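By letter and in written order, the chains are A, B, C and D; residue numbering begins at 1 in each of them.
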Amino acid sequence: MSFPFLTVTAALPAAGAIVTAAVPAARRTAAKWTALLFSIATLALAAVVVVKFDPGGSGPFQLTESHTWIKDFGVSYDLGVDGIGVALLALTALLIPFVILAGWHDADVLEGAEPNRRWRPTQGFFALILAVEAMVILSFEATDVFLFYLLFEAMLIPMYFLIGGFGDRAHAGGDEAAATQRSYAAVKFLLYNLVGGLIMLAAVIGVYVVAGTFSLTDIAHLRASGDLSMATSTERWLFLGFFFAFAVKAPLWPVHTWLPNAMGESTAPVAVLITAVVDKVGTFAMLRFCLQLFPEASKWATPVILVLALISIVYGALLAVGQRDIKRLIAYASISHFGFIIMGIFAMTSQGQSGATLYMVNHGISTAALMLVAGFLISRRGSRLISDYGGVQKVAPVLAGTFLIGGLATLSLPGLSPFVSEFLVLVGTFSRYPVIGIIATIGIVLAALYVLVLYQRTMTGPVKATVQGMPDLKVRELVVVAPLIALLIFLGVYPKPLTDIVNPAVHQTMSQVDQTDPHPQLEASR
Amino acid sequence: MNPVYYLYLASLLFTIGAAGVLIRRNAIVVFMCVELMLNACNLAFVAFSRLHGNLDGQIIAFFTMVVAAAEVVVGLAIIVSMFRARHSASVDDASLMKL
Amino acid sequence: MDNLIALLIAAPLLGAAVLLCGGRALDRVGHWLGTVLAAASFVIGAVLFVDMLGKGADARTMHQHLFTWVPVAGFKADMGFQLDQLSMTFVLLISGVGTLIHLYSVGYMAHDERRRRFFGYLNLFLAAMLLLVLADNYLLLYMGWEGVGLASYLLIGFWQHKPSAATAAKKAFLVNRVGDMGLSIAIMLMFTTFGTFAFGGVFGAADGASEGKLTAISLMLLLAACGKSAQVPLQSWLGDAMEGPTPVSALIHAATMVTAGVYLITRSSAVFNGAPNAQLVVVVVGAVTLIFGAIVGCAKDDIKKSLAGSTMSQIGYMILAAGLGPIGYVFAIMHLVTHGFFKAGLFLGAGSVMHGMNDEVDMRKYGGLRRYMPVTFVTFGLGYLAIIGFPGLSGFFSKDKIIEAAFAKGGTEGWILGAVTLLGAAITAYYMTRMMLMTFFGEERWRHAETRSPDAPSAEPAAAGRGAHDEPHPHESPWIMTIPMIVLAVGSVGAGAFFGIGNRFLNWLEPVTGHSEGHSPVSAGVVTTATIVLLLVGVGIAYLQYGRRPVPAVAPRGSLLTRAARRDLLQDDFNHVVLVRGGEHLTRSLVYVDHSLVDGVVNGTAASFGGLSGRLRKVQNGYARSYALSMFGGTAVVVAATLLMRAV
Amino acid sequence: MSPADVSTLAASAAYQTSTGEAVQFWVLGVVAVIGALCTILMRKAVHSALCLAGTMIVLAVFYLANGAYFLGIVQIVVYTGAIMMLFLFVVMLVGVSAADSLQETLKGQRWLAALCGVGFGVLLIAGIANASLRSWNGLGHANANGNPQGLAALIFTKYVFAFELTGALLITAAVGAMVLTHRERVERAKTQREQSQERVRKGVQLPPLPAPGVYARHNAVDVAGLLPDGTPSDLTVMQTLKGRGQIRDVSQEAIADLKALEQRSESRLGRERGEGTGAGAAGREDREGRETTEGATR
C-alpha cells in the first residue's frame, strides 16, 4: 500500500506533543521551539496532502487507509479525506503554528514564582496544543464512526486542561476570582460536551446495531444497494443523537452558553483553538455524519434546525452588542457565525454547503486574526473590559489597523474571504427558504454594529491614561497577524483554489442526501 | 417421610442465620450466625447427595467445612485485633466505611 | 485596449496598498505618490475615452474578464469589468475630480502627521469607486459598493481622536449597511429569478420575469441606493459625515460616492422599467428628499452641513429623474456630472474659507470675506450661480431638463412632481444665496470674535499647525488648493452648456440607458421662465433677510420649522429614541436572559442533581449491617426473579 | 417373588424413609431450630455459642442419618469440637459476661431484616416445594464399600486440585491469623532505667500501683481499692476487666455498711429506751395494783 500520509499527518503533532512534554523543566524556550517546529512540519505535511488530493478524483474518499482494529465490533481504523476534510485539515494545520507563536509567553513562569524543578507549565501548554491538533486532524480524517467518536470525546481532555489550567491572566477580580472563573468555565465546557458525547455514544451504538458496521463507506454501500433497512423513527432518533452532540460542540442556540465562558477565561490562543479548530469538528461532523448517515432524517429536521440557526445568528449578534468584555464579545460573534454555518449546511443547496465549508475555513482565519490581536491588546494592559481602552490607534496604529481588518473580516466585508462564504450561505438558504434568508441578512447589519462599536470604544476617541505609552505590535506578533490578513485578502479575491477542492465533495454530499438545487424561476418556467 | 424435609429445615436455619447476621451487633455472634448459615448449606448438600445418590454433595459439604474453618480462623483474628484497637467487638463501631 | 480597464482600478489600489503598508519612510513622498497614481488612472480613463469615441455608438461597450471569482455550482461570479458610456462617464468624473481633490488635499492636509494614511484612504476610495462603476455583475458591484463604504468610514473618522468623528463614521457605515442589506437581497432575488446576477444575463432576461419579482428587486435596489445616496429615510448619516476633512466631503459626500445610488438605478434601468410601481416609489423618495434636503440646507449655520443638505436635495433631483424612467435617466446622469463639478467646487471653496478662518465652520462668524480671499470668492460664486441654475451655467441645463422631465411624466403625478422640482429650485436659490451672503458679504463678524475653543464640534487638528486660535486673519489659500477650485469652477460654468447644447450628452448615453421624449403638458419655454422667476424669488427673499439686515452672530430662535430643520427635521432624534435606545434595552435584556434563563436552566439542573446525590449519600451510613441488609434484600429479589422466570 | 414386587418394594423403599428417622427428624429438627433461634436471641455471646454448638450436634446427627457418616463425625469433632471451642476462646478473651444490649440502633434495621428473612425463607421453601423432588435414590449404592472410602476416592481423584487448594487456603489462613494478631515491636524495648526516668518525667504514679481487693470477700482482683473519700481508684484494677465491665464497684457497699452500722447502733439505743418505758409500765401496774388491792380491802 502507499505511504500513509493521513496517519503521519496526525501522528506528527502527537509525537510533537510527547517530545515537547519530555523537554526538561528548565528548558522552557526549547520546548516552545520544539512545539513550533513540529507544528510547522505538520503544516508542510498537510500541504503535501492537499497537493496529493485530487479534487476530480473518483470515490467518496481519497488517500484511504484501513486496518481492522476491534474485529468483534467491526471497528476499524479507517482514514480517508474528501474535499471538505482536506480543507479543514489544512486550516487546522495552518492555524496551529500561529496559535503557538501567539501564545509564546502565555505559559511562561511568572516573575517571582519560586523555582520548582517539577513544575513545567510551558511544556504542558504547548504539548496540549499539539495533542489537540493531532486529535482534530485525525477526526477530520476518520471515516469510521467509532474512531471519530473516540477522538471527538478524547479532544475534550486536553482542551479541559488548556482552559482550566492556563487561563487568562488578565482578569478584573484578581487571581483567586480568575482561578474560580476559569475552573467554572473549564468544567462547564467539559460537562456540556460530555453530555453531548454521551447521547452521541448511544446513537453510535444504535448505528452499529442497525447497520452492523461502523465504516462510513460500508454504510454508504449498504444504503446504495438498499440493504440498509432503517425504520424512519429509528433513523430520526439516531440523527437527533448525533446532531445534539454536534450542536453542543458547534455551538448552536440554546446549548451555546459554554462558549463565552470558555473563550472569555482562556488565553487568546486557546480561545482561537476552541472556536477556530475544535468547534469546526462539530459543524464538519454535521456535514459528514448527520447528512450522510441519515439523509431522510436530516431533511425531516431541517426546518427546526434552520430556525435554531437563525436564532443563533440574530441572538448571538445582539448579545455581542451587549457585551462589556472583548473576548466574550468575540465569542458571541462566533456563535452568530456558527449559526450561519449550520444554516448553510442544512439549507441543502450546493451554494449553502460550499458556503458553509468555506465559512468554516474563513471564520477560522478571521476569528484567529481578530482574537489574537485582541489577545495582544489585552496582554498589554491586563484587562478584558472594553471600557478600559480608548484611543489605542493613536499610540499603537498598527495594532489598531490589524484589529480593524480582523473586525472587518468578521463583519464579512467584500474583498475579505468571509464575505464570499457568508454570501454563498445566504444565497443558498434564500434560494430554498427565502424568508429565513432575508431575516438572516439582518445578521450582516448587526455584525457591523458590534464590530464597529468595539473598534470605536477601544481604538478611537481621546487616548485614555491606561493606554498611554502602549507599545505597538512586536515582530513576533506581526509575524502572527500579517500572514492571516494576507490570507484573508487572497481568499477574499481569489477563493477558487478552495472552492475547487470543496465543490466535488459538496456535490457528493448533495447526491447522498439526493437533493438538487432549486432552479431559477425563469428556467423553471421555460 | 421424604428427605426433602431436610431441605426445608436447611432453608429455615439459613434464614434464621441470615436474620441473625443482620440484627446482632456483637461481631462474634454475627460470626456464629454465619457459621449457622454455612451449616444449613451443608445440611442441604448432604440431603442433596442423598437425593441424587452420589457423594459429590458430601464432598462439597466437606470443602465447605474446611473453608469455614479457615474463615473462622481469620475472622476471629480480625475480631481480636479489632477488640484490641477499640475495646469493643461491636460491628457498628467499625463504621468508617462511609462517604 | 480592453485590458486597460483593470489598470484603471489597479493604479489607485496599488497606491493604497503601498501607502497603507509602507512605513514612515513614505511620509514625505506619500501624498505625491497618491496623487500621481490617481492622475494615472485619469489618464488611462482619458485614453480609453478617446478610443471609445473612435468606435461606433453601439460598439462602444468593452469587456475585460480577469478570472472567475466565486465558482460554485450554478452560482458564478466573475472578476470581470464592463466599460460602456455610462461607466466611462463615471470613470472620468471620479478619476478627474478625484485627482483634483488629491491635489487640493496636498495643501489642505499639509500639516497633518497622518497625511500618508489619508492619501492611502483616498486611493482606496478611488479604487473601490471605480470598481463599483466598472463591475460587470452585481456581486462585484457589491464589492465596490461596500469598498466605498469602508473608505468613507475611514475618511469620515480620519480624525479618530474626536469622538464625534468616530461616531459619525460608525453611523455612516451602519446606515449604509442597512442599504447594503437591500442590495444583497436584490442579488439573491436576481439569482433565484434569473439564475445569474451578471448585468448581461439579468437585463437580457428582465422582460421575461414577472412584474412582482421585478418590483421586489427594484425596491431592494432602491433601498441600497437610499443608503448610499443619503435619501430619505436613510439620509441621516450625511450631515454627520461632514466631520471628515473637507476634501473628503467634497470628493465622497458631494461628487462621487453619494451619487452611486443614481448609478445603480440607472444601470438597472432594464429592471426598473419593468416595475412601474417601484419607479413611482423611487420618484416619491427623490421628491421627498429633494425638499427635505433643501429645508435642512436653509436652516444650518454650519457651512458644510448646509452644503450637505444641498447635496441631499440635488441627489433627490437625480433620483427623481432616474425614477421617471427613460425620460429621465440621461438627465439624472447629466445633473450628476454637473453637480459633481459645482458641488465639489463649493465644498473646496468652503474648505478654503475654513482654512483661512482657523477652521471656523459657523457662517455667522464669517462675513465680508470676498476682499480677503478673492479666488475663493470667485470660484465659490461661480459654483453658486451654477447650482441655483443661473441661465447659461451648467446647473441651469441639467436641472431644467429634469424639471421638464418631471412635468413630462404626465397626469397629476407630472404636475405634482413638476411643482415639487420647481419649489426645490426656489429653495435652492434661497439657501445658496443665504450662504453666499453670510460668507462673503455683510460686515466682518469674525473681527473681535471670541477665541474658539479647540474642542468645538468640528475642530480640525490640521489647524494645530496653522497658527493659534486667536482672532482669525483670513487669507487666500495656496495655489495648490486654488488651482483645483479654478478648474472645477470652469467645469461648473461650461459643462452644462457643453453637454446640453445639441444634446451631446443625450446621444452619448442613449445607447446604454435608452431615451424617450415625454411630451410635457407645458412647453419647455414656460418651464424655463418659471424656473428663472422662482429662482429670482428665492434669491430675493434671501437678500431681504440676509443682505439688507445684519446677520446676528448668534442664531435667533427661529420658527418651529427652522428649529426642527436645524436638528435634521428630528430624524436623528427619532433614530436615537427608537433604534438606539430600543436596541440598548433589547440587548441588555437579552444578556440578562442568556445569563439567567438559558444558562440558569442548565445550572439549575446541575444544582438539583447535586442535591439529589447529597441526599443519596446518606444511605451510605458505613454500617456493615445495613449494607448486608441491602445485599440480603437484593439476593431475595434475585431469587424471586429467577423463580418467577422458571415459573413463567 | 416377582420382579414387579421387587420393583414396587424398591420404589417404596426409594420413596419413604423409616419411621424412626421421621420421628428423629421431627424431634431433633425442632431442637435445631430452637437452638438456632436461641443463638441469635441470647444476650450473652457465651450462651449463643452454646446454643449453636447444640444445633451443630443435631446437624451432625442428621448427617449420620443421611448416610454421611464421615461428615457427621467430622462435624462433631472438627466443628463442634474445634471451631466452636475457638469461638469460646475468643469469647473468653473478649469477655464472657459482656452482654450486648439487644435494642436496635439502626432505624428500621430489625424490621427490615425480619421482613427480608421471612420473605427469603418463604421464597426458598416455595422454590424447593415447586422443584419436583418427589423421587430420590438413597446412598446405598454410593456407600456400598464404605462412606469414607467413597469420599476419599472422590477427593483424591476428581477433586484433588480443589483439595490441594483448600490445603493452601488453610496454610494461608493460619499465617494470616498470625499476622493479624501478631504485634510488631517497632522500637527496642526500654530498659528499666529509661522507664523509670520516663515515669519521673511524666510524673505519673512513681510508686507501684496500689493493690485491689479492699474489703476482700473473695479473690478480689475485680474490686477496685477505695480512695480516702470512698471513691474507687482505677489504678488498682486491670484494664481488661474494666473493658469487659467486670469490675465490681464496692464503694457504695462501704457507705451501705456505714448505714447498716448506724442503724444497728440506733436499734441498740432504741432498745435501751424501750427498757426504760418497760420499767415505768411496771410501776404503774403495781401502783394500780395497789389501788385495786386498797380498793379491795375497803
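Here is the rule we go by: a residue touches a chain if its C-beta (ideal position, glycine included) is under 8 Å from a C-beta of that chain, and two chains touch if they have at least 3 such contacts.
Chain labels with UniProt names: B = NADH-quinone oxidoreductase subunit K.
Owing to the predicted nature of the structure, the values given are computational and were not obtained by experimental measurement.
*Asks:* From chain A, count the fewest steps through touching chains until chain D is reached.
*Replies:* Each step joins two touching chains, and the minimum needed here is 2.
*Asks:* Based on Cα centres, what is the most central chain?
*Replies:* Ranked by how close its C-alpha centre lies to the overall one, first comes A.
*Asks:* Across the interfaces B-D and B-C, which one involves more C-beta pairs in contact?
*Replies:* Result: the pair with more contacts is B-D.
*Asks:* Could you state the distance in Å from the CA-based centre of chain B to that of chain D?
*Replies:* 18
*Asks:* How many angstrom between the C-alpha centroids of chain C and chain B?
*Replies:* The answer is 97 Å.
*Asks:* Taking the mean of the CA coordinates per chain, how far is chain A from chain B in Å?
*Replies:* About 63 Å separates the centre of chain A from that of chain B.
*Asks:* Determine the centre-to-centre distance between chain C and chain D, using the mean Cα coordinates as centres, and give it in whole Å.
*Replies:* That gives a centre separation of 107 Å.
*Asks:* Note the residues in chain B that touch 2 or more other chains, in rising order.
*Replies:* 18, 22-23, 25, 92
*Asks:* Would you mind listing the residues of chain A that make contact with two or more other chains?
*Replies:* Residues of chain A touching two or more partner chains: there are none.
*Asks:* Enumerate the residues of chain D that touch no fewer than two other chains.
*Replies:* In chain D, 106, 109, 112-113, 116-117, 120, 124 touch at least two other chains.
*Asks:* Which pairs of chains touch one another in this structure?
*Replies:* A-C, B-C, B-D, C-D
*Asks:* Quick check on the complex: what are the chain C residues that touch chain D?
*Replies:* Touching chain D from chain C are residues 621, 623, 625-626, 629, 632-633, 635-636, 639-640, 643, 647.
*Asks:* Please give the residue numbers of chain D that touch chain C in the complex, ascending.
*Replies:* 106, 109, 112-113, 116-117, 119-120, 123-124, 126-127, 130
*Asks:* Touching chain D in the complex: which residues of chain B?
*Replies:* Listed in rising order, the residues are 1-9, 11-20, 22-26, 28-29, 31-33, 35-36, 39, 42-43, 46-47, 49-56, 58-59, 61-63, 65-74, 76-81, 83, 87, 89-90, 92.
*Asks:* Under the touch definition given earlier, write down the residues of chain C that touch chain A in their complex.
*Replies:* On the chain C side, the touching residues are 20, 67-75, 79, 139, 142-143, 145-147, 150, 153, 157, 160-163, 165-167, 169-170, 173-174, 177-178, 180-181, 184-185, 187-189, 191-196, 205, 208-210, 213, 583, 586-588, 590-591, 594, 598-599, 602, 606.
*Asks:* Which stretch or stretches of chain B touch chain C in the complex?
*Replies:* 18, 21-23, 25, 91-92, 94-99
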